[in-house]
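Each of the next two complexes has chain A plus one more chain, namely chain B in the first and chain C in the second.
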Partner chain A sequence: MKKILIVDDDPNIRDYLVSLLEDNGYATCTATDVRDGLKVAKENKPDLITLDLEMPGEWGPRFYRQLAQDDELKNTPVIVISGLSGNDYAISKAVATLSKPFDREELLSIIKENII
Partner chain B sequence: MAENILLIEECESHAKALKLYLERSGITVFIGTTIEEMQSRIRTKEFDILLVNPFLSGQSIWPYIKKIKNGKPLLQVIVLCTKKNLDQAMDEFGTNAINFLEIPVSSKALNLAIVHARKCIANEQRIAVYSERLADLEHDRTLYQQLFNEVPCYISIQNRDLRLIGGNTLFQKDFGNQIGEHCYEIYKHRSSPCPICPVAKTFCDGKSHSTEEVVTALSGQQYHVLTQTAPIVDDDGDINQVMEISTDITQIRQLQGHLSSLGLMLGSMSHGVKGMLTALDGGIYQMSSGLKKNDPERIEKAFDLIKQMADRIKKMVLEILYYAKSRKLQYETVDVVQLVRTVVSTITSLARKNNIEIAADIPESLGYMDIDSNWLQAALVNLSENAVEACLYDKGNGKKHIVEFRLWEDEENKISLSIKDNGMGMDQETREKMFTLFFTSKGSQGTGLGLFIANHVIKQHGGEITVESIPGQGTCFKVSLPRKKPEESIAPFGKSLEAPPLD
Partner chain C sequence: MFKKILFATSATEASDHAARVAFNMAGTLKAHLNLFHVLGVPTRGFSQVVFDVKTKKEVSVDDEYISWVEEEVKNYYSNQLADGVVDCSIKASVGFPHREILRQAREIEPDLIILGGTTGSDEDSVYKSSTGSTLQRVAKAAPCPILVVNRSAASFWGGLSNIVFGTDFSKASDKAFDFALKIAMSLNCELHLFHALDISSTHMGMSMSQDEIEQKIREAYRKIRFKYVSRMKDRKNYSMDVWEGIPYVEIVKYSREKHADLIVMAHNSRKLDIDGSKIGSNMEQVIMRAGCPVISVNR
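Up next, the complex of A and B:
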C-alpha cells in the first residue's frame, strides 16, 4: 500500500485528508509542522507528501528545501495544499499546488498520476 | 462741450442780448423772465449752468434757486446783478454761486465765468465717477473680505519670517487671533520651522505648493489638513506675502484608516477563512462517507466538526460585521445573574469536551442592569473562550485545568465579573497588545478581532476591563460595569479609529 505523509497544522484538515486518502486505499502518516514532518518522513519514507505552506514556526518552503537535501527523500513528489493565494511559485518543484478549500477529485487524480 | 444755459433775467432785451452773445460761442441759451418760467424750464430740461439775475421786481428769488440747487447739485450758478444788489447776492448765495458778475456784464468776465463753470462741471462729474467707483470698490472689498472670511478652510497670510499677518474667521476661531506669531508655533506648537514648509517654497519659486499636515487647534483637537499655498504679489511684482489655505480632511483620513484596516483585516483573515472552509469540506466528506459506511462514530465526529466549523465561521462573520458597521448599542434591562449564567453555560460544553473544569461563584440574585445584551454577552463569551483556550494550549503537562467565574457587586455598586484560568498565561508583550486590532496569539485560528471588540464593547458600556497574567500560571480578566447606561458613550468604531500616521 502506498503511503502518503500529510503535513498541516490544522487538526481538522489533517483528519479530513487522512479519511479521504485512507478511504481511497492509501496508508497515511501525519505531521503538524516542519520539524515533525522531516522526522516522520525519514522514519516512514512516504511515497508522496501533501504540504501546507503557512504553519507555526517554520514554513512549508523550508521543509521542501531540507527534504531536497536528503538523498533518500529528495525524489518524493510533493503536493502543496495551502490557503495562501498566489502560491504557485512558493515551491516551484512541487508536482501540483492546490489552494484551500481544494477539490477532492482533483487531489485524488493528481495523487494517482504522481505516486511512484 | 455744448452747454445748456438757463438765463433768468427780468429785462427781456438784456436777456436777449446776452443770449445772442452766448450763442455765438455755440452755447444753447433758454430764457426765463419769471419764477414760474424758471421752474417750468428746470422741470422740463437739463441745464448745466444757471445764469441768473436773482432780483425780480426788486425781490430776491434766492429761496427758489436754493431749492433747485439742492435737487441738482451739479447745476452751476452764475449770478448777475447790479452793483447795489451785489453785496446782498453774495450774502445769500455764498459758495452756491461760482461767480458774481456786475451788470452791465463785461464780455471778458462772462467768458471767464463760463469757462470756470465748465471746469467746475468737469470736476464735479469726475468726482461723481470717482465716488461711484469708490463705492463699487468698497462693495467689492466687503465682498472679498466676506469670501475670505467665510471660506470653510483655514486661511492665513504669512510674511517671509513665517509670521502670521492675517487669518480668516475659521482660522481665528480654531487657532486664535495670533497676528505676528510664527505659523509653526500656532499650527504645530513647534519652536522652529517645519522641515518641509510649502510657504517657504512658494517664497522661493512663486509657485503653489501643497503638503499634508496634522495641526493642533486651541481646543487641543487635532486636524488632518491638506495645505496649499499661493503667492501674493505686490505692485512691484515681488512676493512679500504667501497665502496658506488648509482644508480639514480629518474625516476623509479617518474613513481611509477605517477602510485600510478593514482591507488589512480581510487580507489577514483570508487564510483562516480558507482553513475553516477546508475543514468544513472535511466534515461534509466524513459525514457522507460515514453515512455510506454506516459508521455512527464517524458520523458523530463529522457532525461535531461541522458544528464547530459553522460556529467558528458564524463568529468570524459576526465579528467582521461588528467591525465593518459602526453600530449603536441597543440597551435593554437584563437580569445580571441570568446573563452570566448564560455565558458560563455557553462555554461549559467546550470546556467539558477538553476536560477542563468550570467553577462558578455566582450569587442568587444581583438585580438588573441596562446593557446591550447581544454584544455584552458576546464580549463575555469571548473572554471566557480565551480562558478555555489558554488552558487548551497549556495541555500536555499533566496539570488539572480549571476556569473560575466569580460575580459580585463592588463598593461602587458596579457589577464585577472575574474570569480566572490556570492556563498558559501571557507574557508582557501579549498582555500589552492583546486588545490591539488584528493582534492574535492563536495563529490562523484567531482573527485578532475578538478581544479588540470585547474591550470596545465593555468600554462602550462605560465599563472597565483589567487583566493580570503570569506566563505558565494563568490569567485573570476582571470586568466591571455600571448598572446604568453611561451618559457619554464612546463613539462607534468608524469615529474612534485613529487614522494612519501621515508623513
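Up next, the complex of A and C:
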C-alpha cells in the first residue's frame, strides 16, 4: 500500500486528509511541524507528501529544502496545500499547489498521477 | 540591527507580500514598525480634494479623514497586529508617494524602508503608472537601505538563513557588503558571496574566448578573497561563486540555487554620481525577477 505523509499544523485538516486518503486506499502518517515532518519522513519513507506552508516555527519551504538534501527522500513528490497567497511560487519543484479550501477530487487525481 | 523599519504600504492586496516580510522581520528583530500609507494624490496643486487610491473616490481631506484612513489601515492589518508581537505605529498622508515616503523617512530616521511591488489591479491606475518611478525615486534618495518585495514569490516563506551578496567590486558594493555581513552575523545566516561576470557581447563590444572568461573568473575569486573574505575574520559560514553570463539572470538563478531568503546589492554601483541616474538596470531587473526580497544599499 502506498504511503502518504501529511504535514500540517491544523488538526482539522490533518484528520480530514487522513480519512479522505485512507478511504481511497492509501496508508498515511502525519506530522505537525517541520522538525516532526522530517523525522517521520526519514522513518516512513513516504511515496508522497502533502505540505502546508505556514506553520509554527519553520515553514513548509524550509521542510522542502531539508528534504531535498536527503538522498533517499529528495525525489519524493510534494503537493503544497496552503491558504497563503502567492503559494504557487513557494516551492518551485512541488508537483502541485492547492489553495485551501481545496477540491477533494482534484487532490485525489493529482495524487493518482504522481504516486508511482 | 534594525530598530526602526518604515513600511510604505498601499494597505491593499498589492502590499500583502511585502507586509508578510515587514511583519515577520519586525517581529524577529524586535524592531518598531511604522506603517506608512499615502492615501492619495491631490487632484491639483495644493488642493484639499484628493483622489483616494483605496476608495477610488475624490474626497475632501481633513484631519478627521486622515485619522479615519489610519483606522482603516489598522483594520486591514488587524490579523498581524492581533497577537501584539510587533510594536507598530500607523501614519497616513497625502501627496506624491515618493516624496511623502522620503519625508517620513527623514522624520523618523528608519534603519530600513520596505516597499512592495507594482499594484496588481488595473483599476489602481494612480499607482500603476507611478510605482516604478516611486521605487526609483525612493531608492535614489533614501537615507537608508531599502528592501523591495516585487513578486509574490519574493515574499517571506518562513525564515532567514541564506543571504546572497551580489558584487561588482565597486565602492558602493563594499558598503553593501558591510551591511550584508552585519545581517548575516546578527541572524547567524550563511553568506553567499557572488559575482557575475558580464559576457554579454553588447556590453563588452566583443566576445571573449573561454580561456579569457576563465581567467577573469579566477581573478574575480581572488578579488572576493581579498576584498571580502579577509574581512570576515574567523567566520566559516560562507560560500563564494563567480558565474559568467548576463549579470541579473545569473544573480536570480544563483539565489534560487542557494535557496536565498534575501539578496543584498548596491544600487547603481558602477556610477557613483547618482544625480539624475536610475537605480541601474541590473539592480532593477534583479528586483523585478528575484524569488526573495532584495535589499538595495545606497550609501
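Note that the second predicted complex is superposed on the first by the 116 of 116 C-alpha atoms of A that agree within 3 Å, B and C clash if a C-alpha of one lies under 4 Å from a C-alpha of the other, contacts with A are read in each partner's own complex, and residues count from 1 in each chain.
The criterion applied here is as follows: a residue touches a chain if its C-beta (ideal position, glycine included) is under 8 Å from a C-beta of that chain, and two chains touch if they have at least 3 such contacts.
Fair warning: this is a prediction, and the values are worked out from it, not measured in the lab.
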Which superposed partner A:Ser92 touches (first chain B, second chain C, both, neither): second
Partner chain in contact with A:Arg35 - chain B first, chain C second, else both or neither: neither
Contacts of A:Glu58 with chain B and chain C, given as first, second, both or neither: second
Partner chain(s) touched by A:Asp9 [first = chain B, second = chain C, both, neither]: first
Residues of chain A touched, compared between chain B and chain C (which is higher): B
Contacts of A:Gly83 with chain B and chain C, given as first, second, both or neither: first
Interface residues of chain A shared between complexes with chain B and chain C: 54, 85
Residues of chain A touching chain B in the complex: 9-10, 12-13, 15-17, 19-20, 23, 54, 56, 83-85, 99-102, 104
Chain A-touching residues of chain C, taken from the complex the two chains share: 13, 16-17, 151-153, 155, 157-159, 161, 256, 259, 291
Chain A to chain C touching residues, read off their complex: 53-55, 58-62, 65, 85-86, 88-90, 92
Contact footprint of chain A on chain B as seen in their complex: 270-272, 274-275, 277-283, 285-286, 289, 298, 305, 308-309, 443-444
